[in-house]
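Please read the structure below before turning to the comments.
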Amino acid sequence: MLVVMDHNATKEQIDTVVKIIEGRGLTARPIPGGQRVSIGILNNTGPVDTSLFAGLPGVKEAIAVTRPYKLVSREVKTEDTIVDVGGIKIGNGSLTILAGPCAIENEAQAFTIAEKVKASGAHIFRGGAFKPRTSPYSFQGLGEAGLEILSRVRDKFNMPVVTEAMDYETFELVEEHADIIQIGTRNMQNYTLLKRAGLSPKPILLKRGMAATVEEFLMAAEYILERGNNHVILCERGVRTFVDHSRNTLDLSAIPVIKKESHLPIIVDPSHAAGKREQVLPLSRAAVAAEADGLMVEVHHDPSRAMSDGAQSLYPEQFDVLCRHAAAVYDSFHL
Amino acid sequence: MLVVMDHNATKEQIDTVVKIIEGRGLTARPIPGGQRVSIGILNNTGPVDTSLFAGLPGVKEAIAVTRPYKLVSREVKTEDTIVDVGGIKIGNGSLTILAGPCAIENEAQAFTIAEKVKASGAHIFRGGAFKPRTSPYSFQGLGEAGLEILSRVRDKFNMPVVTEAMDYETFELVEEHADIIQIGTRNMQNYTLLKRAGLSPKPILLKRGMAATVEEFLMAAEYILERGNNHVILCERGVRTFVDHSRNTLDLSAIPVIKKESHLPIIVDPSHAAGKREQVLPLSRAAVAAEADGLMVEVHHDPSRAMSDGAQSLYPEQFDVLCRHAAAVYDSFHL
Amino acid sequence: MLVVMDHNATKEQIDTVVKIIEGRGLTARPIPGGQRVSIGILNNTGPVDTSLFAGLPGVKEAIAVTRPYKLVSREVKTEDTIVDVGGIKIGNGSLTILAGPCAIENEAQAFTIAEKVKASGAHIFRGGAFKPRTSPYSFQGLGEAGLEILSRVRDKFNMPVVTEAMDYETFELVEEHADIIQIGTRNMQNYTLLKRAGLSPKPILLKRGMAATVEEFLMAAEYILERGNNHVILCERGVRTFVDHSRNTLDLSAIPVIKKESHLPIIVDPSHAAGKREQVLPLSRAAVAAEADGLMVEVHHDPSRAMSDGAQSLYPEQFDVLCRHAAAVYDSFHL
Amino acid sequence: MLVVMDHNATKEQIDTVVKIIEGRGLTARPIPGGQRVSIGILNNTGPVDTSLFAGLPGVKEAIAVTRPYKLVSREVKTEDTIVDVGGIKIGNGSLTILAGPCAIENEAQAFTIAEKVKASGAHIFRGGAFKPRTSPYSFQGLGEAGLEILSRVRDKFNMPVVTEAMDYETFELVEEHADIIQIGTRNMQNYTLLKRAGLSPKPILLKRGMAATVEEFLMAAEYILERGNNHVILCERGVRTFVDHSRNTLDLSAIPVIKKESHLPIIVDPSHAAGKREQVLPLSRAAVAAEADGLMVEVHHDPSRAMSDGAQSLYPEQFDVLCRHAAAVYDSFHL
């Protein structure tokens, strides 16, 4: 950390800062500059809380230099993490497609969609059984019955399934049925849930919070790794901005940043970012072009009757085009 | 809802929309305009999901007209909700001050601060026992031991206490000790927690999510009321924007908007919005001037040794000024 | 427009709204709903100002239904606008590459870079002569001398050149030398400049404001078309958000939205969105994959000595890779 | 500036950075830390461009430590700047009220409103003659005729007048008639206009750009001071965020930050921030409570017929309440 002093900070104020640093067992190194003194902090093993200094008399600002994350950092582990889900590898340089409806509505719906997305090239089936909904009056998912349908989808179509766990209470139930356990956007900083996920033997798909910086996103993953589960797949799904023509704004520069900072794989969910069917295809191609490790896409055979998020669900024939385009874009700059 | 058609939408496309509306038991009323047809939806008892229409051929956009919330709405309950906490009334037109440290560190610290904030005029003591922290390596709170210290603060100083519940598992424990149970920013859409809070006999202090619209904020409160707990206090604490001179941007226009839309009381947390001590006093006065029902402020007698958020904690003598200013501003336009 | 009344609006309040509408020569059509009355406005030839109604007693909100733009709208002109710059066509379905340094520094620099970017496949040379800079102490560009160097680049390398006009005073000078005149982000709502551009015979490259909605962006273009210049190329360059790992957040969903709403071509500037060299390549590929009509990229042969924006300038060899990747991605889903 | 190196940066990479620094005549001071080397830059008289280093091999990031502004900085001038407008002093610790219609429509309208706002306590009359409008089809202001009406308002009511200059061409005309010249939000980074304002003998009211950081805002003011005009009044008017219940989000923490960083006075425009009449009163009180040096408020005697921004204009009787509340709040914590 660098503690920048006011240009007219007194010697006493500088000494106070030095004392606080040394009181924590760290080394303080004052750096006299042309206009003001700055004080570097050395020999810290982890990050130092900037708030220790930010409000002190004579201090202009405290600037963090070291990153706060460890286990997710590429400085700690150089090689890419590859998550293996029943033989399907995420993060090994190939492109993985996850697809299915927003919510599992019944077996017929799930089977119809699974058959179609598999035929188009999807590797993993997605579908919600426990649904976090903005309104208590909206459909909340089939719960355990939905999980059982997902298990039957896996058996019948030989596809791993991913579904969301919303809380500690039902985590074990989800864990029994899912091949990948999703932690949703609204729960990115639900630490009880993250800690539970850290104890799971199953891979975790962690979605970025709507207002999370990349640093906060990686710190959320750090909670999972810290408990012992290294199988974390990150998912960019758009952030909240003033833009009103899409539900959220897909932040594709997060992909190169995360790949540089961390060894974890990162996929993209264009459906929730867009909120509108017609933007899903171009955003999917763009995500692949930005080197996402995979795409997670909502598909429904009858979106106007979907029980949630119909407007962003692709028709199966649109998803078929998407798979072909995604593969073509991927190949174009990898060959 | 209003479904706005493309200017060149075909009659068939219009008929499809009408059929979908009527298939849901609602009334469709096409309104031919100069440039395009719009279709109003009547006789809906609750909100209709715009996504049913937003992606259909020929549809330009679907605009929600009815608000999605019910129980929190002033249209349902005209008079202000007043939350009574051991005789202290929040929402009755007076100004309530909640103050204390970010985290309970030990009994001596809690007693020292409680004594000072009470002397300055605080009505309710705040302090975290379970702390949601961005980093797994940061101090996570004293847990149950912290709750017990809070109980002793209440007994010794005769002040109600507010503290955060982070999850379903420890909710009951918090419920035993707290007079008001806080649900934090990061948990505003933790629906399992909201539903549990809805079953509690204790008042709930619900903080606005960092990227939540007022509508989403009220929908989160709706989850609590829907389960039967009407004692909800809303708390504005800043939203995430591009602004970098404060931790978040305090959204004071939310106060008149919420007071118009809802009967629930709303207080303001200037400490977390600012993230810096020096902004807390002006933001506190501003919140009172915008007619907040209360202020929740972080105070620490030795911020440079605080175990969390020291930079935004006021010194007790600063808090004393704050209480005097807040009361003066309140009186100035209420007399 | 739709004027939505409060659920308890009085008959008089409704009548007042109707009278205001009719007083403007329009048709008011009240639509009684289950919970409240809404009033549609018909027969308006242009948009009606929502602020006429938004603050009236009994009015809940006024919702614009008709778009405010005309000449830029695809409803007015169905076929794509193709801008022809010395035989190079932008908006005809091909991919146009514009490249060069942020600022023209001297002839040798310009010639060195022009030679390299042309060899890699750039169609148009970019370079600033008048530079809008955040600081008055930063290099402000060579001015007319820079324009003359640009003219020599065109002659020597047979490439059209694009450069920015910052104000009305120097517009004519820029017009003499440039093949495309750029209006920068900070000037997107400089109406004097837009009106002047509307009188120019040269194509205009209009960059999106950092905080502009797509609607405001199209309205800025409307100013240019309204004065008679139809040769407008739009440029997405990122919007300001809370995200701090890139200078701005590239909003790629703007591309499909603009292509649906407008007939104007749209290109992408990944360099200014990123602000960092290492993000430019993935964002460029992503922009092509989202169907941008072109890319505008900063290139410098010696970025550490560049007089502005060195950190985001590509080395010529990186630009060469970019051109190959962009072409490959483009081909992949167009063949 | 501090250049932070990668944890595995090579000695050569570090040497390259040192050489670049020294090549600019500055002093480089490498600071070996526990995990990585950082390099401080000393003896710079002005800010150094971070982009010189940000993209170099082995560099993790470049962090600006010195502020880029000079003349506006309180480090350069300690005492508050007081702007004197015909005897009315802005920035001397008192509260100045500027009020009037969004646009001057005709003499009768201007006189009617001026009479009322003066009676309520306004010190300065505001009204637009040249109006920057999002749409080319909206009323663009009366131009010179509007300026002449403003001059007559000054003469008749003995109030200084403030009005906007939109461009260099008409600046002189505005300068002749106005007592304070406003530079609007959309022109905050119109450098040609800022430089012209810097040559004016009249005070300048500079509004914050919708997406401007405080640093950019102060840099825009720096352009004016740098040319010799020290009479600059800053105006906070809300920033663009995801929040949709007000037109923009008023950023009141900007007031204490600007007062700490700069000696210039800062007033608040609650009308444009709100965009809705009903939020103007609470936001006005809040701005005074946050220690704004003044308020600029839109008032119209017949808002439903106003030619622009009717929805946010107060009725004269509402403005009268506002003046009384503002004075009471001001007094409450200044006495």
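A, B, C and D are the chain letters, set down in written order, and residue numbers restart from 1 in every chain.
By definition in this document, a contact is a pair of C-beta atoms (placed from the backbone, for glycine too) under 8 Å apart; a residue touches a chain by one contact, two chains touch by 3 or more.
Since the structure is predicted, the reported quantities are computational estimates derived from the model, not experimental observations.
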| request: Please flag the chain sitting at the greatest distance from chain D, going by CA centroids. | output: A
| said: B-C versus C-D: which interface comes out with more C-beta contact pairs? | reply: C-D
| remark: Between the Cα centroids of chain C and chain D the separation in whole angstrom comes to 25
| remark: Taking each chain's centre as the mean of its CA atoms, chain B sits from chain D at a distance in Å of 31
| query | Can you give the whole-Å distance between the Cα centres of chain B and chain C? | reply | 38
| remark: Touching at least 2 other chains, the residues of chain D are 211, 240-242, 244, 278
| Contact footprint of chain B on chain A as seen in their complex | 20, 46-47, 49-56, 68-70, 132-138, 166-169, 186-187, 189-193, 209-211, 216, 219, 222-223, 226, 240, 275-278, 303-304, 306, 308-313
| field | Residues on chain A engaged by chain C in the complex (per definition of touch) | value | 211, 213-214, 239, 241-246, 249-257, 260, 273-274, 278-279, 282-283, 285-291, 325, 328-329, 331-333
| message | Touching residues of chain A toward chain D in the complex: what are they? | response | 2, 4, 7-8, 29, 31-36, 38, 40, 42-45, 63, 65-66, 75, 240-242, 244
